[in-house]
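A, B and C are the chain letters, set down in written order, and residue numbers restart from 1 in every chain.
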């Protein structure tokens, strides 16, 4: 189940979207999230659909793969859809069965809201699919840089995120190991009442925390030994490159916004 | 008996070394406790390290050898006594200069990998030192090439073997151009292949860059290849000398929780069986040569 | 109790793009009261095999019979929990699994999971602590206040307290100093001899394998490359060296010497004593001619 989920996973292929500057991608998404709410008729929703499809096409990620991976989220969309169909009572009555009444306005609203949700999901998952977590971190750090002046710990935050990202697989491995060691000592993680299961987690969590603290301490020592003394005076190895493609992306979004404003 | 002899030899040896090479690290009456109530981790430790040598510090777990490593890099400070690196005493003021000179490779390959990829990890130390980017790129590539990890620039740590991670750690240290590299049990968590990978790399680098290597270990096969050995026991320097001197201690080493290298065990067995092997034969290759001549003569 | 695998096969993340085959057609038998060493590189599949021995992993093909219980890809087998009591696994760096407030509670954890009463468990904890060579005074201490070597022993005691018939050891001496290493290995050997249990030892050390095991399994790229007694395994040392594996020091040294003189001295010697004996015997033989 976990293996098939693609939300939050990076797919290393070559594509124009992969080549984009993470800052441009982050900006594009922020603007997109805002302008999605401008659409209110078939034409504007059509524009959003074209934009989304174009983005998917440019990402080189097979559409089937994308949809399969997002399958579990479709239930949420379906739920929103029915919520609107049953509870929005506007326009002509289309269908009536017992206490169920479906109105034209409800159907329309249901479709539009679901589509909006759907577009947002697709575009945001494109970000994580085409950008490595560390690039996203770099992008966020760079975009937040102005906040440094008001004392916001931008460097510390981004270092924290990047170390967390680096240690996720290590800690996953460790969880697996400790789980197996405790299973070998008779712990059953998959059976029993909720109370029993909660109790079974203790022999997993305590060693995990103790080891994590030990790791943190050793890592801090290793960082200090390599001359880490805070963000002051540090240079940066990872380079973000703003290119033509990023200009085009921002321009496209600008045009999209104007069109949406004109056509709504 | 053996001890007295080896210590005497050590002094002679030190005298020779002094005239040949510059002293680069000195421990003078160093005492250290981790905790008020704990026993001494180090108690009155004196020794010197000379430029360009490979010094192995051996001892059982808890003998104080890892404390020495941490003191040498100013990660902890002595309770009394002084430590000099390149003539400068380590103190709160000089600690960052000292760290520029002394690079450390630690035991756990995972817990010293800071970057998300191989090249980011090597760059981390350079970023800390404010090295300009073009220079960083050059040094990252150079040092990774030296440890033969330049094919793995964008690899993430969880896809690397323990030996590969330790080689990246060495590259990270190397990029900072230190004069001394301390290996703090850097091979103890590796499999035999990883171990020989790492030691081979260090040996090559030492010869190439005139580095001083201090390896802290309980692996006597690693120690036998060093220029000089210090044996630690319960927080004190128990003996000091060339591998030849130290391995004359024989059973004494086992009592100290250590072992005797294979070649020495074999020589001993021959002696027990009434066959005397000349004292100057220490290394396996020499012993093979000697036995070969012996066997061909008959 | 005996363990037999028949065409055992294991694939990680089966049915996904990340599918990875770790074991191919493994046929091995671990007889009752035996000492088996499993040797191979990191990634040779030995850890995967080991996790099948008490049903932590379920084969994706073939079967494994653990005592009376058969586990296949379809059938997980009832009584798997009982099997975990009979087959105890000491994982690498077992001190990482300690979690209780006191040494006693931690050792009692396993036995109590398998239905022992508190009284029984305490008794077993005492016995187990003695077996690993620690004093009873430690029972009420926190395991986290102990030295690294002591923590390792407490963790091993936690597995021994379950009274397993088969003890599976995954590099139990990793990171220990030479004395700690010898002590722990001798302790396991004593258990094997006195308590009649079986031992499966996963190790990188050919010295340990040739000294203690009565049979050796060599894993390579997910298959059993070779199995046999230490004598059989090390009879063709060059082959093992080609695989990038070590051979015992005495074997390696003998090989080097034989290469140099261009003649065979004797069968490969598995210990220093044997090596010296063989060299003397060779000298004697040549002199007689």
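Points worth noting:
Here, contacts are C-beta pairs under 8 Å (C-beta built on N, C-alpha and C of every residue); 3 or more make two chains touch, one makes a residue touch a chain.
Bear in mind that the values here come from a model prediction, so they are computed numbers and not experimental data.
Chain centres computed from CA atoms place A at the largest separation from chain B.
Here the largest set of C-beta contact pairs joins the chains A-B.
Look at where the CA atoms of chain A average out and do the same for chain C: the two points lie 44 Å apart. In this assembly, the C-alpha centroid of chain A lies 46 Å from the C-alpha centroid of chain B.
Between chain B and chain C, the centres computed from C-alpha atoms are 31 Å apart. Against chain C, in their complex, chain A makes its touches with residues 3-4, 174, 177-178, 180-188, 202-203, 206-207, 210-211. Of all the residues in chain B, the ones that touch chain A in their complex are 70, 73, 75, 96, 99-100, 103-104, 106, 108, 110-117, 119-120, 123-133, 136-137, 140, 156-158, 172-173, 176.
By the touch criterion given at the top, residues 13, 16, 18, 51, 54, 56, 81, 84-85, 88-89, 91, 94, 96-99, 109-110, 113-114, 144, 158-159, 162 of chain C touch chain A in their complex. Listed in rising order, the residues of chain C touching chain B in the complex are 41-42, 147-149, 174-180, 204, 244, 246, 249-250, 253, 256-257, 260-261, 265, 272-273, 275-276, 279-280, 282-283, 286-287.
Chain contact summary for the complex, chain A toward chain B: residues 132-134, 162-163, 165-166, 169-170, 173, 214-215, 218-219, 221-229, 233-239.
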